[in-house]
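Input: a single structure, listed below in structure tokens.
Letters are used for the chains, namely A, B, C and D, taken in the order the chains are written, and counting of residues starts over at 1 for each.
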């Protein structure tokens, strides 16, 4: 009979070393390697010059403000959807939830361009109602607000999924008790539902913030015309004019990004501190509010949002995939499916890219889930002093622009790995590891917040049944955090599926990903082919989600995020 | 692989170049990686830092970057016999890099635009107020060279850029973004590299390309061998190939102006003699690049 | 305040087929105190949840005075009913401290500052939890949680108070005190109270009326004395109070209450058919000379006395008390002082 | 199986300062059935949780036979203790059906197929939930959930069974049946059982030993008869069984049990100081002529009888039963048949 030194918290002995190793490999090692190079090259020229540049601080400020407002937008959008769809008697919940996932899939630049198109002088929509601004009038999206808005659209699903998982864990009687106390729906929301689902809420907001801090695509399109430089666009420009000091500069800028994201996390930790979110009693049923006369309005609002964030960019995408050239007005005479023929029939690269991206994102999503369930469990249950540090380290890689992370991995793996002597550089494995590192935070967040809400007696009952750690992990814990686990898998999958900036530097012959392919096509002027490919990717994802929907009955309750 | 090529050429072009080279040198296994200039440089430099660069040859946008690498000792000198057929300004005297084609930057305009510009100066006129867009040197290598080139032209200079800014011009993104912006009618005029609008126009896009009368700037997409190459012989063969008549005809077919003397121009371009290419001094440009980027940034309110 | 009327109330869940509540009609008079008894799963909680407005009736309606609270179509939301409830599973808010939990109904009603603090303090004092005001529910024992739920329920002035096994986790002393608290609260506020419990003694002690349910149906409503003395049917007889139900030959006429002479006659004709159900309460079974012979089946120590199960000669079981220990297998002579035909 | 020994067990939570369990030493003999009584919040659940292995003792140790289960440093994890427990909050898994919940301990032990199905069916039958096998816990009533927890606890063959108020939400009939089930299970499996309850009758009926706790401390351990007849100290006297504690002049010598003549003497000297605590159980208070005069303070109907609170001339309260209703304010004459000095 084994005795353990643990204080009844039931963690197996290997858990701590495991978590440490994971964090070391996925975060400490690449970040450390980057920092080492940065410090080395800082000797060649002072980084102090960079730091004393007022322009830098201006970008820090812009990064902060765009990310902050972006987070707010994401919280409003994603939070609104999550609340309305889980707690109210909205019709067509499943479909709305399903559609709400999809904007994550549409490359941000496509969304940005379609919004620009929609609000600009050539907007068919505005032209139709005679409100199109004259040629050359300033574009309202080229602003902090515009960037924040698109950040919000892009990251709303993060908040949605994370919060939804939290809402599903609410015990019904807590909500009912509040209503009977006389609290109006709004008060119940404010005083009971939101505070109780705060872990999910805060996790969603934090990850959205971190994601905004690291975003490149949107500020590149919307920020630069307005002279707004965020740290990622700044980093990009440093790479463009590569000089002897570049590595030092990059390291400094990355460190700034890391600090910003850690600040975001500290705010999250601060919000959650000293609170107890363990659900008392049996969850498993959600109280549903009636909207009554407001239902129509709410439904209209939801569908309108879906139209704006999904239908419109998608229509733009489809339109440009069918147009012979950019800017040619689409009419029955000009429509052509040449682009689709080109990718489906002629380009061998398409098939390879589909295979690569699919296997990479599936492997990352499910592989990471294993890692994050263990890490999340450790973070919530352990009283270790390292918990804060570990969560911060897990988060930073996601905040760094993909290009920086990719550089870190090149620095790490360009030479064969010491001792084993194998080189993974140029293979698909380096992309996989980089994905693990980059999306660790995305996968971890919802799982951690779900663990926070878990009623401990459920695990205890399993322990007393004789279930060892792995056993109860599989039978009890994972099914109980299933909504969060499902959210985590789907999020990582969606994001990895059209990921660009990490794989852009790490791919080589035979390992190109969809993101890279679309980018290269677009960059070399084959706009319509790129658009066609994007459309196909969206179709593929929808198809996969439909398959998931068909399997939903056999999966634990709540895993499929659009099912109630 | 027998040879690894890093290039910023568009996908299809890179593939065509490699295919041509393989046809000329059967049996060689050539790997290539293509990406935008910032990414390629980031990748390459990270590899160099890690002490194991994978590339043997580079074929990238501008001489300025290669000049910097030459000065850092990262390039290998090779005096290609084909250089004799080229203008002296188009290759490094020591043989560290050789230009392969001319990619000029001119003016694109939407066919619905009221004014048809013919000169750079036109874009500073009131008719173009708020309608001009150009690539940012932070996103496009050609854009900086273009700015440095125009800065050296009397009557234009940095004042020209200041006038443009005052006229509501913006600097954003790369050439692709400019093309989209103008083709979609969001802006009416833009600075852009020649081949994009010419190709798109052929496909029916509502755009027109102009070689302004003051002259155009050009980047020359030079090729170079890395000093760390493990396949020096193959690398030299590659340089020879891209400079050869055959290689140059390949570029021509892809729609570029070949750098080699006595070649034709692609369809849609005016005769070679009528294109006035403004000169640029690579070492000089390199020396000033940081200052110029800053100057440009200051004018356009970039980075603050 | 006004009468609370349940009118042919029914509820069927999607799952489970059988109606959880089936055609229940019931009037609780203004300021009444109704105890709802019934075996586990008979629909007590469901009735309370419909009264509170958490479940929509599948059929029938609920009225408070003239006002229709709910029927199969419409429903006044719980927050507009001015009711309070102790949930069987407490329904505490884990993110609020004990004091915040208790003070929340006041906060919602816009009562704040000194007044709220005072009321919260009073409510906590009533359940002996003054010193726990700043704890979180998760750090309390089961009974303490239940007491917080109680305090929260009684802190406002609701029209209707719904109590779902509010004392299930408390020891006897605390129960007695809490019963006292309920009684006082009821007297003071005049609220209509509905009290679900499985403890008849509690129900009898507190309620002005007792309703007995089984399998979703209402079996009988009456005053505690009435329902104890004159239960209708096997189910109520078995549920209210202790006792054994004997199957004996039907006695003459429609007499229902039998004394010992009558019982002797009945017992004499044991072999006869048909039979009727006759309830015999243990306190009515006296161990005395010259009675019926019975064998001791089991003996349970209850503190105050021993609870016996006895077998009549034909094997039917009877319950009785004894102040003295007896042994299993002993033969006793018993007298049945009273019995009631169900 | 072997003796379960708690050796000077203490537990202090980070919050709350005062030790939740304080220096508790206790031996439960092999196959014993220990009932743990005590007021709400006295540390009963905490003791169970330490035995199960969910909390580490702050001090002291727990042994099962020779084997140290836990002390302040080491601890055998719960999954290796072969114990079973009914949680006060049930701890049912919402994602599993009732049958899966009950079958899980078997599944973990590698029992599958027909055998598992049979055992699960048996366990569900024992708690009358056969027809609910496919429901989710969320769709059950409170008592049904508790019964699922019970079935899950009894489905395996644990060495030690910990029951934390396992019948709190069940009606009397079901309770009696479940008590029967426990008794059978105990007899059949020989498991050591520890039973937390607030219901003394239940404790007395089931247990071979009763332990009384208060404020974290163990006050007395004895057989049910012993603890009922001879409680040690005010606290135990107040907790076990009903009764009133009178503060009366100390009687002569160290006699502790008094009959009516002795009580008469004591009552006669009412004004004297100092005083001692004397426990009078209600069933020992007889309404009879020629006794002490007392006034009726309150009358509660209990079904079987009326529970009275009486006041002695000096105002001290006494409890008594009456089969006949009496009125508040009436004067009665009473005889105290037995009393016990605490």
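As a working rule, contacts are C-beta pairs under 8 Å (C-beta built on N, C-alpha and C of every residue); 3 or more make two chains touch, one makes a residue touch a chain.
Heads up on the chains, UniProt names are A = ABC-type Fe3+ transport system, permease component; C, D = ABC transport protein, ATP-binding component.
Just so we're clear, the structure is a prediction, and the values are computed from it rather than from any experiment.
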Winner on C-beta contact pairs when A-C is weighed against A-D: A-D
Mean-CA-position distance for chain D and chain A (Å): 53
Chain A-chain B separation of Cα centroids, rounded to whole Å: 35
Computed distance of Cα centres, chain D from chain B, in Å: 88
Of all residues in chain D, the ones touching two or more other chains: 89, 139
Residues within chain A bordering two or more other chains: 280-282
Numbers and ranges of chain B residues touching at least 2 other chains: none
Set of all touching chain pairs, with the criterion as stated earlier: A-B, A-C, A-D, C-D
Sites on chain D touched by chain C in the complex: 13, 15-16, 37-41, 44-46, 88-89, 135, 139-144, 146-147, 164-165, 168-175, 198-201, 204-205, 224-225, 228, 238-242, 281-283, 300-305, 307, 323
Sites on chain A touched by chain C in the complex: 171, 173-174, 176-185, 187-188, 191-192, 195-196, 198, 275-282, 287, 290
Contacting residues of chain B [partner chain A, same complex]: 9-13, 31-39, 41-43, 45-47, 49-54, 65, 68, 72, 110, 113, 129-131, 133, 136-141, 144, 168, 170-174, 176-177, 179-180, 182-188, 196, 199-201, 203-207, 289-290, 293, 297, 300-304
Complex interface listing, chain C residues touching chain A: 52-54, 75, 77-85, 87, 89-96, 104-105, 107-109, 136-139, 145, 152, 156
Residues of chain A defined as touching chain D within the complex: 1-8, 10, 172, 280-285, 455, 457-458, 460-468, 471-472, 475-476, 479-480, 482, 556-557
